[in-house]
Structures are given as C-alpha cells and as structure tokens.
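Consider the two complexes below, in which chain A is the common component and chain B and chain C are the respective partners.
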Partner chain A sequence: MTNETIFVDKAIIPQHLNFNNFAIAWTKGNFAVYFFNSAIYTVCVVLGIVLIASLAAFAFSRLKFPGKDIIFYMFVAAMMIPLPGSFVALFVLMNKLHLTNTRFGYILCMINVGLSMSILLLKTFFDKMPRELEDAARIDGCGKISIWWHVALPLARPAIAVIVIFNSLSVWNEYILATLLLGDSQLMPLQRGLMVFQGANSTDYPVLMAGLTMAAIPIIVVYLCMQKHIVKGLSSGSVVG
Partner chain B sequence: MHKLLTLCSCLILVVFAGCSQPPQPSNKILLWHWMTDRDGTFQKLAQQYQKETGVEVTIQLFAPSDSYSQKIIAAAQANVLPDIYGILDKKFIVADFIKAGLVTDLTDEMNANDTAWAKSLFDKALADNRFEAGNTYGIKPGIYGVPIDVTNEQMLYNKKLLAKAGITTVPRTYKEFIMDSQALKRVGITPFVSGWGELWMLNCFSSNYAFNIMGEEKVFATYRGQVKYTDPDWIKVLKIFADLRDKGVLIDGIVTKGNKYAEQDFALERAAFAFNGSWCVNVYHDMNPNLDYGVFSPAPISTEYPLKIWGGAGSSFVVNAGSPNKDKAIAFLKWLTAKKQQVVLARETNNLPSNREALSAVSVILAEFSMGMDQSTHPSIWPVNEDPLVLEAFEKGIQAIIIGEKTPEQVGQDVQKVKDRQMAAKRN
Partner chain C sequence: MNSKAKAQAIFKDNLQSFFFILPAFAIFCVFYIYPFLNMIFLSFHEWRGIGPMHFIGLQNYKELMGDNLWWDSMVHAGYITLIALTFQNALAFALALACDREIRMKRFYRVVFFIPPVLSEVVVGLVWNWILNPEMQNGQNIGFLNHLLYTSGFPQMVHNWLGDPKTALTVIAIVHSWKGFGWGFIMLLAGLQTIDKQFYEAAKVDGANAWETFTNVTIPMMLPVITVVVILTILGSMQVFVLILSMVNEGLVNHTDVPVTRILSSMTETNRFGYACAEAVIFGMILVGVSFIMKKLSDKVKQA
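And now, the complex of A and B:
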C-alpha cells in the first residue's frame, strides 16, 4: 500500500500489494544497525537479569542475613515507582558515572528496570522449593553457589522462561530510556528506526507498518520457542521439585 | 574482607564520578532537536556548514516530543545541555530555563549591524522568543530564541468542490461563507471540517472571532476579569457556533474529531472547507498529492475590528548559556536562518520559513499561508492569558452548543461562574 491508498483502501487484503515498503523501512529506518543494537541489548539485559535476579532471589529465600526483609521489600517497592519518575535522578547519576551515551550504561539501567519483578517471581518460586532437596545437595558436598547452580536454577526453569519472555519484550520495545541515556543514533535500539516514519504532523503509515512487522518477528520467535514454559511458569510454585 | 572490597569499589566509583573535566571550547557544536520530518535536511545542512566553515555540527534527533522534553529537563539538571537545543514548553518553563542561566540572551546579536538578523526574520516569530520589558516572569527583556520556521492557522478550500457548487471566489465575509456553505450543501458536499474534538483548535477559531467582534482590548479585559462572559459580544461569539450548526455547515461528529481525522476528511475531499494550520501542507501532500486547494483568511463577521489569526514561531532553538562554543552556536543559527538555508528547509520540509526573504522561493500554497503572518497573533505574546480552567469551560461550552446541549446564553453564564470561582481563588 501507499500513503495515499491507506486511507481509502480499507480491505483486509489491499488491492495493490507493495512489498517495497519493507525494503524502504529497512534502509530508510537504518534497521540493520538498530536490529543489531536491540539484539545486543536484549541478550545482555536478559542474561544480566536472570543471573542477578536468581542469585538475589535465592539469597532472599534461603540465606539469613541482617536486614534481609527490609532489602527485599525495598526491591519490591521499587516496582511502584514509574520509570519516568526516576528519569532525572537516573540521568544525573549515569552522567556522573560517565555512562550516558554508552551501551554499558543503558544495559545497566535496563537490568535495573527488570530486576524487581524478576526477583519477586523467583523468590516466590524458591520459597516453595522443598528444604529436603537443598539438604540432599549439601550431603552430596554442594556449597551455597553449587546448590543455586545445580538445584535451584534447573528447577526454576519455568519461572526463568517467564522472566526471559517478559524482559525480552520489555527491552525489545523500550525506547524512552534509550532516548534519555543515548545520544548517538548508532547506539539506539530498534524503536528509534520506527520513529523516523512518524513526523510531528504526518506519518508514513505503510512503511511504519512494514517496519513494525519486521520489528515484531524476533519477539514472536522468542515467544514461540518458550511457549511451553509460559503456562508452567505463570503457575509456578504449585509443583516444585 | 567483603565489606572492605565493597567500600573500595564505592570509593573508586565516587572518585571517577568526580573526575569530569569542565567543557572545553572546540570546533564542534552539538544540536538536539525533536523534528523527525526535518532531521534529514538538518543533517544535510550541517554537512554543508562543515564544508563552508570547518565547524562540525552534530545533529541528534530525539522523538517523540514528550521524550525529548524529558531529556532536556534531565540534561538541564545534570548541566549537560548541548550547545543548541529547543524548549518545547510553555513560556513560563522557558522563563525557568532562562532564570537558571541555561539560555543565552541573543538581543545584542539580533541588533548587531543595524538589526540585520532580527529584520530578516518574521517579527511575529521573534515575538514568541522575546521577553518584553515588565514581563510577568521577571526575565530581563530581550530575545532568547531563534525561530527556524513559522506557522499560522487559516481556512482552506478545495478548488474542485467549490467549482462543483458554482463558487468562483472564496468568501470574504462570514455571510458569504454561510451562503457558499449552503450552495455546497445543495450539491451534496459537506461544507466544513476541523479538528474541534481538540479544544485548542476551538480556542484558536473562537478567539479569531472574539478579536473580530470586540477587539483585542476587550478580550484581554475579559481575561483580567473586567468584562463578563455574559457580555453581548461574547454571546455573539458563541452564537456563531449555533449558527454554523443550524445552517448545517459543520461535518457530522465535528466535536469528537481529532485534527488528524479532520485532515483526512479534507485531504480525501469529504469536505470543501477546513480550518487548519500551515503544517497541513505536508499532511495533505502525504495523503493526497493531487489535492487542489487554496488558503484564505477566516471570513470576518464584523468590520469594526480586524480578525486576527493564530500564528508565530513554529519551532525555535536557543543557545546554551553555559556552552564553551556559544559564539559558534550563534554563528550556525545565523547561517541556518539565512535566506539560502531557509529556502532549502522550506522546499524540503514544506514548512513556512522564518526568514521573510525566503518566501519568494516557497510553493504557492506556503506563500498563501505566509500572507496571513502580518495579521497573526498568539497567546504567548499576549499581555494576559486566560485561566486554563476558564478556557476549558469556554471550549467545552462551544462543543455543548454544537451538539445542541446548551444555548450560547447558558454557556456564557456557565463560563462566567468558572471565571468568578477562579478569580476568587486567586484573590485568596
């Protein structure tokens, strides 16, 4: 379709198919660079969240240390602060650490965004893990880290699948924080490419739709790959071990 | 041991954080903007500027405008604003930036060489960036921003549809407008569309007629609380909308129509007249490149006072007062608003140039829009503005008139009640 026909041809299958829109979206939207960036951000952030959240959740669930509950509730309370509410403070902090306009800075912030929910989900899961499993592992000579790695993590696979899906979706579609922290367009994620087609007053709908279709494909693939774990993960805790 | 390591790590972070160097002058300028549709042209012009002067201008786009505004505020707090940026907010926010020492006073630059720079720009566009003596914000009088384009809101007509109804000239008076609308209705054409689901569009249209019926002094006196909204002149303004409704001029569902949908209606020839801003040239071109249309000023209902339209600076840039490259930034903005570059911007982005000398090179439709600049005005340059709650009551009242829920007299009384309440709240 073209921008002229999109407002008049309202059939589900357009009269004139124009696959050139995909090529235009890819080149004009500089999708090659943004796809690469988004892939890097998604992989690093999701890995970071799974690693940190599972360690933290395991500690909150299984270890005894002073201030454990207070720290945990602080993490949970962080979920109640909307992201835009922390923009100024976050930008000032990242700027002081010289991490604005760097991939590393953005990845750190995005890990932080996804941590609270993931810790809560995993802690709930670990709380219901039978003590006997842990004891058996200890008898076999496992230390705390070995129990986390060999026992807790494999059992938490359904919950981790949910965390991977939710956070992949959130990082892949994220743009506001990227706008705040990144300046160089070469570091921007995929959503930046889609912005090119939306002017203040007019929008290039056919190319935007083509771009959106391409942007949605990877996340659909991730979802399909992890589909079987989703229902299991959402009802996690009902059967553990 | 662990505690010691944690402490050391924290100390290292703090030390690194404190090691930043103050910005040094360089041959590079950084510009932040939000205009997706103009980014390509800006980039091209920046490359040309580098070839001509050797100064490298990095243009960074942050859209949508909401995200851009958040970035600007965060950067202002962190004191890392770029050399050139725009403040997309109300005048009092701009005043806050100026008070915080984040905006350069450009008055001397504008007035240099017998005010050459100021003279080249539309005065109405400069007025948006000017703080007059005795302004209510407590800002030192001066010009603080550079308009890179201008806009105004006028009436548009579809030439083909008007010809179908046998109309050969555009209406010059409100009476002619009603007659033409009825002629259009007779041949089955919807006369008028506008995005009156958006209150600001209604505000814009109604204030045009308020100025025309009672003159700007009386309008401002109303805002100051010296004239009531039940005054016969205000009722006359409200009666225009009842009249437009009764004569069947308005498209169905006009009070729920966002401007984007109204633009579609006009672009797809579903209505013969529209009320819209000069940005519509781009929009209509995208939706229907063959649309044959023209521009005319809203038809006045009275000859007593001039009808004023809304217009002024479209987008403006300011120079960071803390920038070590302030002079280079100002030089770039001078270059960007010079005739040659303004012609490029106008041609490639279909926006009205802020440099009046560039008008000779713009398209016919933009030239028609530009003719309205001299009769334009804008709330940002008025000496007094109405309370937002009163304005909202007024515009919602107009919507109620259009859907036949209230009479103009009832709306006048309702608005006055809100006005009285707000005035009392201010006094207390």
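And now, the complex of A and C:
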C-alpha cells in the first residue's frame, strides 16, 4: 500500500501489495540499524542473565555461606516492591559512570531488570531437582563450578527456556531506558527507533507500519514457537505467587 | 593446628561459594540498591541534573501535596485502573470460564488471546495512534476509526478521540485492557484447570444450579489466583505510560497525564530531578500500600 491507497482502498484486503515500504523502512528509515541493535541487546542481556542468574540460583539452592538468606531475601523483596520512576535514579547513575550512550551500560541495566525474577525461578527449580546426580559427580571429584556447568545447567533446561523467553520479550520490547540512556541513533533499539521515526514523519503510515511489522514479527514467531513454555511460566508464577 | 587448617578450609569454601553470587550481587547493589537509596536522597534536594545540589528538606514533598497536575494524573491512572479491573478482568474471567469447558478450537483461543500482551506497548500504541488519528488528508480521514465511521454512515460520530479530554482516558483504558486481558486470561485459566472436578460433581449431586456452583465452588477455589490477578492488574495499570506516550503523539497533554509521565516530564522537561524523585517515592509508597491492602483483604475473605 502507498500513502494514497491506504485511505482509498476500501477493500479489507488491499488490492496490490507493495513491499517497497519495507525496503524504504529498512534503508532510509534506519530500521536495519535499529533491528541489528535490538538483536544484539536481546542476545547479550539474555545470555548474561542466564549465566549470572543460574550461578546465583545454584549457590542459593545448594551451597552454604554466611549471609546467604539475607541476600536471597533482598532479591525477593526487589521483585515484590514496585519501583515506578526508577529510571530517574538509573539515568543519574549512568551519567555518573559515563555509561550513557554505550551499549555496555544499557546491557548492564537490562540484566539488572530481569535478574531477580530469573534467580527466583531458577532457585525454585533447583530446589526441586534430585541431588543424586550431583552427589555422584562430587564423588567423581567434580568441583562446584563443574557441577554447576555439567550437571545443574543441563538439567535446568526447562526453567532456562522460560527465563530466555520472558527476558527476550522484555528486552526486545523495552522502551524507556533505551530512550533515556541511548541518544545516539546508531545505538537505538527498534522500539525507540519506531518512536523517533513516528516523531519525524508523523503521517508516513505505510512505512511506519512496515517498521511496526518488523518489530512485531520476531516476537510473534518466538511466541508461537515457545507458546507452551510461556503458559507454563505464567501459570507456575500464578500458583506459586 | 588441625582446627586452624579446618577453619581455613571452611573459609576458603565459603569464599568460593560467595563467588557464585558475586556477579548477581554486584549488579544488584550498583543498579538496584544504590539507585533506590539515591532516589530517596535526591528527593530531599533541589537539583537540575548538573551543578550544585541544594538540601531543601521536605520542600519537594510539601510542593507535591499541593500539585494539582500530580493528583490529577493520579486520578487519571486510577480511572484507567478501574476500567482495567472491571472491564478487562471480567472479560478475562468470562473467556477463561468459556475455554475451561470442552469447546472447539480451545487451543487456538489460548494462543490468540496472548498475542497482544507479547507485543510491545510502542507497537500497540503506534497502531492505535493511526487508528485514532483525528486529521484529514485530501478530504479523507487518516484515522481508520474515523474513516470507518464516516464511510459507514455515521459522519456525526467522527471525533478527535484522544484530543478530547472527555473521551481520551476511556479510549486509552480500552486499548490498555485490550492489550492486557490475555495475562489475566492465561492465569485464570491455569487456576480453573487446577480445580478438582469432584467439587463440581459434588455440587451437582447437591442440586446446585450453575450460578450457585459458580459462587460456591469456583469463586472460593479461585480466590488466590484472583487476588494475584487483581494485584498485578492494579500495579500494571497504575504504571502504564509507554502506551500513552506512543498513542498521544502531540507531546504530553495534561488530560492524558499519569503519574509516571509526570515523573518523566519533571525530569526531562523541567530538569527538576529532586522533584521527580519525590514523585517517584510517593508513587512507589502508594503502590506498595495498595497491594498490601489488597493482600490483607483477600486474606480476610479467605478466613471468612
């Protein structure tokens, strides 16, 4: 569709499809860059969360050290207490650390956003996991790290799938931190890019719709493929919570 | 000697274990605890983001108490929440009840209803921004809704839906409910499926009709799930703002302000970081208070 036909076509199915808009969005609308950035952020944040959260959850579930309970309850409390407008203080912090307009800074912030929930979910999973395999590994002389890597992580695959999906959705869809922390259009993810494009070309709807489609399709595909895990994650949350 | 070596081994073991949580703990302290404390600290100061910081005690909070724009925004969020609680949750519950029965294409509905929640607020907001666009171009309505109203014979209903303070919030609340009902639907359906079918059979044997079964079996059994859904709806709806930012594009208009957009504009438009933090602290306390009251209420109902 073009800008003329979007309003003239009264047929529900447009008579002629025009994939040109995707090309325009991809090149002139800078959406290639936005898309690439979103992909980088999602992959890095999710990888970081899985590693960091599984290490911590494994320790909270299996290892003994002083202060364990207090630290764990801090994470639980962080998940329960709503912090609206925490972006103000985060923005101040990132300015102080000179991490605004860096990929690294945004990735760290987003890892923090998903961390508590992921630790809690993984810890619950580890708690229910049988210990026999770990004991066998220990007798064979495995250290804690190799038990985590070779035994606990592979067994936790169902829980990790839930974490990967939920965090991918939340990073891909994140808007406000991207807006405050990333002013450089070469670093912006898709959600931010869409708003910038809309602000600059308020009535170029066909190209905007092409951009929206690009932002929505990967999420819908992931959702349709992983639908079972999402329902499982949600319902376990509602029954436990 | 032996006990010293033992103590050392325990210390080493503890240290090793602590390294497992160190990355998580470090990120948590820097990006959660510190900003949290700093937010409270800043709320007692007048600060423009750069330059000197002035301690002004409770001045920000005092000003906030008399700030009409702020309390209006709170009323707006409350209105959106009210619609989400009634309209959105009733819809979610009704659909969950329907899908709990043996109906055709059950799985299809389960998949489809959860598509709006997985889409981002920006995508949903911008699509509705187009649908509700009030402008005209070449004698045609740009917005799909107005176009539809015009061509299907209701030209008198063509309206600036988001520009009119009377309709804006309702429209936003409906879009928000449309985006969000899938969450409640999935959670309530999961809850319904955990109810033992024996209870329904027992009710049937006792001669209960459908309504009595619903109020005496379904509702009490579902109370924990309903409580979670209600609390999540309140927290989610009170804090909605990206949807509003993307739906209303002509900058921030006061009649669609909600608390988070107030915080945002205190920070980015007037550069009053201290005031923004005071707003965030008050709003956070209100949210914690509301969810605490909801939890207490449901505990009381459970006991009765």
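Just so it is clear, the second predicted complex is superposed on the first by the 189 of 241 C-alpha atoms of A that agree within 3 Å, B and C clash if a C-alpha of one lies under 4 Å from a C-alpha of the other, contacts with A are read in each partner's own complex, and residues count from 1 in each chain.
Keep this in mind: a contact is a pair of C-beta atoms (placed from the backbone, for glycine too) under 8 Å apart; a residue touches a chain by one contact, two chains touch by 3 or more.
Remember, it's a predicted structure, so these values are computed and weren't measured experimentally.
Enquirer: Looking only at contacts as defined up top, I'd like to know whether chain B or chain C touches more of chain A.
Expert: The partner making contact with more of chain A's residues is C.
Enquirer: When the two structures are overlaid on chain A, which partner does A:Phe91 contact: first (chain B), second (chain C), both, or neither?
Expert: both
Enquirer: Which partner does A:Val43 contact after superposing on A: first (chain B), second (chain C), both, neither?
Expert: neither
Enquirer: With both complexes overlaid on chain A, does A:Leu169 touch chain B (first), chain C (second), both or neither?
Expert: In the superposed model, A:Leu169 contacts chain C only, not chain B.
Enquirer: Just chain B (first), just chain C (second), both, or neither: which does A:Thr100 touch?
Expert: First partner only.
Enquirer: Quick one: is A:Gln198 in contact with chain B, with chain C, with both, or with neither? Answer first, second, both or neither.
Expert: It touches chain B and chain C both.
Enquirer: Contact-wise, after the overlay, does A:Cys225 reach chain B, chain C, both or neither (first, second, both, neither)?
Expert: A:Cys225 sits against neither chain B nor chain C.
Enquirer: For A:Gly183 in the superposed arrangement: first (chain B), second (chain C), both or neither?
Expert: Once the two structures are laid over each other on A, A:Gly183 reaches chain B alone.
Enquirer: Touch test for A:Ala32: chain B only (first), chain C only (second), both, or neither?
Expert: A:Ala32 contacts neither chain B nor chain C.
Enquirer: Of the residues on chain A, which ones does chain B touch that chain C also touches?
Expert: Correct list for chain A: 7-8, 84, 87-88, 90-92, 95, 175-176, 180, 195, 198-199, 202.
Enquirer: Okay, in this complex, where on chain A does chain C touch?
Expert: Residue positions touching the partner: 7-8, 10, 51-53, 55-56, 58-60, 63-66, 71, 74-75, 78, 81-93, 95, 108-109, 111-112, 115-116, 119, 144, 148, 169, 172-173, 175-176, 180, 191, 194-195, 198-199, 202-203, 205, 208-209, 212, 215-216, 219-220, 223-224, 227, 230-231, 234-235, 237-239, 241.
Enquirer: Could you list, by residue number, the parts of chain B that touch chain A in their complex?
Expert: Answer in residue numbers: 13, 16-17, 20, 32, 34-37, 39, 60-65, 67-68, 70-71, 73-75, 77-78, 80, 264, 267-268, 279-280, 282-283, 286-289.
Enquirer: Along chain A, where are the residues that touch chain B in the complex?
Expert: By the definition above, chain A touches chain B via 3-4, 7-8, 84, 87-88, 90-92, 95-98, 100, 175-176, 179-180, 183-185, 195-196, 198-202, 204.
Enquirer: Could you list, by residue number, the parts of chain C that touch chain A in their complex?
Expert: 13-18, 20-21, 23-25, 27-28, 30-36, 38-39, 42, 49, 110-111, 114-115, 118-123, 126-127, 129-130, 133, 135, 137-138, 140-142, 147, 151, 183, 186-187, 190-191, 194, 225, 228-229, 235, 238-239, 241-242, 245-246, 249, 259-260, 263-264, 267-268, 273, 276-277, 279-280, 283-284, 287-288, 291
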